[in-house]
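All chains are identified by letter, namely A, B, C and D, in their written order; residue positions are counted from 1 within each chain.
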Amino acid sequence: MSEPFWKTAISKVEPNKILVRGYNLMDLVGKYNYAQLTYLLWKGELPSPRESRMMDALLTVCLEHSLNAPSVDAARFVASSGVPLQAAVSAGVAAIGEWHGGAVEQAAKMLQDGVKKMKESGLSSDQIAEETLQEYSKRREKISGYGHPTHTDDPRTRKLLEIAKETQLMGLHVELAQSIESFTEKFLGKHLIMNVDGCIAAIISDMAFDWRLGKGFFIVSRVPGLVAHAYEQMYFDKPYKAPSWNEIVYTGTPERRAPT
Amino acid sequence: MSEPFWKTAISKVEPNKILVRGYNLMDLVGKYNYAQLTYLLWKGELPSPRESRMMDALLTVCLEHSLNAPSVDAARFVASSGVPLQAAVSAGVAAIGEWHGGAVEQAAKMLQDGVKKMKESGLSSDQIAEETLQEYSKRREKISGYGHPTHTDDPRTRKLLEIAKETQLMGLHVELAQSIESFTEKFLGKHLIMNVDGCIAAIISDMAFDWRLGKGFFIVSRVPGLVAHAYEQMYFDKPYKAPSWNEIVYTGTPERRAPT
Amino acid sequence: MSEPFWKTAISKVEPNKILVRGYNLMDLVGKYNYAQLTYLLWKGELPSPRESRMMDALLTVCLEHSLNAPSVDAARFVASSGVPLQAAVSAGVAAIGEWHGGAVEQAAKMLQDGVKKMKESGLSSDQIAEETLQEYSKRREKISGYGHPTHTDDPRTRKLLEIAKETQLMGLHVELAQSIESFTEKFLGKHLIMNVDGCIAAIISDMAFDWRLGKGFFIVSRVPGLVAHAYEQMYFDKPYKAPSWNEIVYTGTPERRAPT
Amino acid sequence: MSEPFWKTAISKVEPNKILVRGYNLMDLVGKYNYAQLTYLLWKGELPSPRESRMMDALLTVCLEHSLNAPSVDAARFVASSGVPLQAAVSAGVAAIGEWHGGAVEQAAKMLQDGVKKMKESGLSSDQIAEETLQEYSKRREKISGYGHPTHTDDPRTRKLLEIAKETQLMGLHVELAQSIESFTEKFLGKHLIMNVDGCIAAIISDMAFDWRLGKGFFIVSRVPGLVAHAYEQMYFDKPYKAPSWNEIVYTGTPERRAPT
């Protein structure tokens, strides 16, 4: 109980002064951009120019996916109910779960575990990929970061890999992620493309981010879009968004009498 | 700053003992039901038998409205994303806004202001109703608690009024609410029925609840349904609920080239 | 894709009519109370009188725990920020996680798995309890539903067991839960009491509820309190609740110069 | 009802293609940074270099404020409860209300109304400032965007004004905001500094943003910090954050007997 109740290593506020990871925030604003300062917040250090470029791509590549995303739909239903903007955005963020953006977290864990095994065992990325997929196949578990309901060749994955190559931020994690993609057909019965969640997972792992920060990338990249959708719903669409009663299929117990 | 940071008048916890509004919670459980203890929490005193009966009706009459409610839809989209149950329920609660259940708050305020004016001025409920509607008409503002997109004669309003009559918990606020309904056509150009939000607002006002607690009634009554819908979506429906890309109508700027 | 997008087995709305699990809601209101209708929503059938009594106890026994609960604290910080009531309640609900009320879910799963094993193997509850604790001890994992930071003998557990006995709704799950309590010292090095989450888990399992609905009980029981706390914070306390800058201990990188 | 249920002007998804405001997102990633693409999402057009620089400053200047912010505290209590990262961030976003960051919205509305009046009436910014403050003083209402509990000279305001001057993005709204600051003592009895919310409000108004998007700036700028705090709480602090029972001051009804 001698531990202080209020403590943090992230920042320090004093009257007229704000330190972030040791730097005076006012010495950074105007010199470093949003992606660079997000890197500082999460890593504790400022990024190099190559890392800065990669960071910006990671935080913008999945900026928007229209209403074809549960988080955006959730935000719009809430926005239609007569609430302040932040309430709708908040509901959208709550939907960044394991099947939607949150897959970055599990995919990054799988890749970080895999690369650790590569290093300890001396096995190749192909060998670890086969081993990993065998386990998923055996457990009949969905593999995070592969497959997409809309895209057959996720353009975001291509773009990120292009920039990762250019900035030389590709390493063993991307290598393993690509091996896994190439073996999906053999082990899961169907070729699954590396989707943008899987690709973000691979690159942030090569940039030495903790997998437990994985969802942060998707959350940050979707928030400006959630704001735009909440605003559009609130001011340029009808209130009380909901399907009409006669569009809803009732699959339950037929009408019956209440006991008397 | 001498004010304590952590303070409350609601309850007190000690090892092996929990007081709620002064009563030992263990002396109440098994004797008083959920609606009665909710009354205790919000009013500070236990309800009489008549108030207990009314309270239960107020908290169950809008138990469910299927997917024809933005809160339920929001909860289901979040539930489909791979999140724990409480995250989906939380998003549903966030949607209890001014146009959806939250109308109880504004309607109760309007009625409490109106009855106060009746008492101060000696005017009748009809006179105050006309005055009130004139102001809404002039400000071209939507009136909370009247009109419904689905129901032409809200069965919940009827049921609540029946029980309010039986328990003798109808007073000036219900009278004013009914006057307002009868004048909607004259002032707003269209007959608007008193909906369940308006009726809850009137009855809780006659029960002397602060209008600022109005949303609480709707929130509590919808939470069991939000739990049921989240559960149904998570375990008996497909993950990643979202309209397909080709069902979404794009109304924005046509495709254009990025500047080079 | 022939599956309807909007479908549910919970309820059906038509103009002026609402069916819940097949019953006309208006035939139930005034006859069945909140706990009984929650049972109907979750189970699909109305409860017997004994089940009704137990249900009410389950939904009221953890009504309040003052500010000594992260969900209440979260709700109060949000409530102090200038938001509508439902936004604060929503944040409180989001905090019903694995270490706070949400433990009901995992505890119920453990007990339902255990009783299934008892039935399949013919082993006694003590034998299954020992086996279960051995696994937790080996995996060095926290066991859900046991131990409490404040209560050394959780009065809520006692009260629930008393009512479960009286209503004859105690069965193998409660038996197993008690066996586990009696062996905690042997396997985990410290006697851990069955806390209220563990007890709710045991009783709802004996009532044949799916463990995946476990969190629902805690959520419903805490919502009236979250409403009361949000209301108290919004109207009877200061806005912008936060520790002052000089009460926060900074544990991060010492002040340093930004690169030029 | 001929209106499509799913429609948006923000973006369009097709298999392997994502358009944002008409541009192929893949042509923008790597060329435009996060702040620029946020501008595109909200304004519909790409920013000029001067606007880009200003946008980045607006989105980073209130990046962090340690635990001295209700949103961060709310996020940390939720994070301590055993939930996924996004649930904690979601609760933090919900707290960006009128008294915390959300003030940008009301302040921007006030300034946009004021400048409209300046243009219509030919009155000076000082005259409109006096008129505005007189109204606040008469209504005894808190003025959004002025005053700060910690900073006596908000360093973020200074920094933003410096960059706004440099990028020539200062206009009548900033002028009016400064006039208002200079008259606070005369009308409100106490000098209130223009805080960062007020300054963001003034600059985005001079950049022709709709005031109803005001909260978006604060939300986006705080999300990376909310992620960092949730992560720190989840993995480097104790679970179940809450004050101990004996630190909570009970101000309610003294202990009493339940009726029998």
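General remarks:
Basically, contacts are C-beta pairs under 8 Å (C-beta built on N, C-alpha and C of every residue); 3 or more make two chains touch, one makes a residue touch a chain.
Here the structure is a predicted model, which means the values were calculated and not measured.
Comparing chain pairs A-D and B-D, the larger number of C-beta contacts belongs to A-D.
Greatest centre-to-centre distance from subunit D is found for C, with centres as Cα means. Here the CA centre of subunit C is 35 Å from the CA centre of subunit D.
Distance from the subunit A centre to the subunit D centre is 24 Å, each centre being the mean of its Cα atoms.
Computed from the mean C-alpha positions, the centre of subunit B lies at a distance of 29 Å from the centre of subunit D.
In subunit D, the residues touching two or more other chains are 6-13, 15, 28, 66-68, 83-84, 86-87, 90-91, 94-98, 102, 150, 241, 243-245, 248, 250. Interface residues of subunit C, counted against subunit A in their complex, comprise 4, 6-15, 19, 21-24, 27-28, 31, 44, 46, 83-84, 86-87, 90, 94, 243, 245, 247-259.
The touching residues of subunit C, counted against subunit B in their complex, run 3, 5-13, 15-18, 20, 25-26, 28-30, 32-35, 37-38, 41-42, 53, 56-57, 59-61, 63-68, 84-87, 89-91, 93-98, 102, 105, 150-156, 158-159, 162-163, 210, 212-213, 215-216, 219-220, 223-225, 227-229, 231-232, 234-238, 241, 243-244. Contact residues on subunit C toward subunit D in their complex (touch as defined above): 66-74, 77-78, 80-83, 87-88, 90-91, 94-100, 102-103, 149-150, 239-245, 248, 250.
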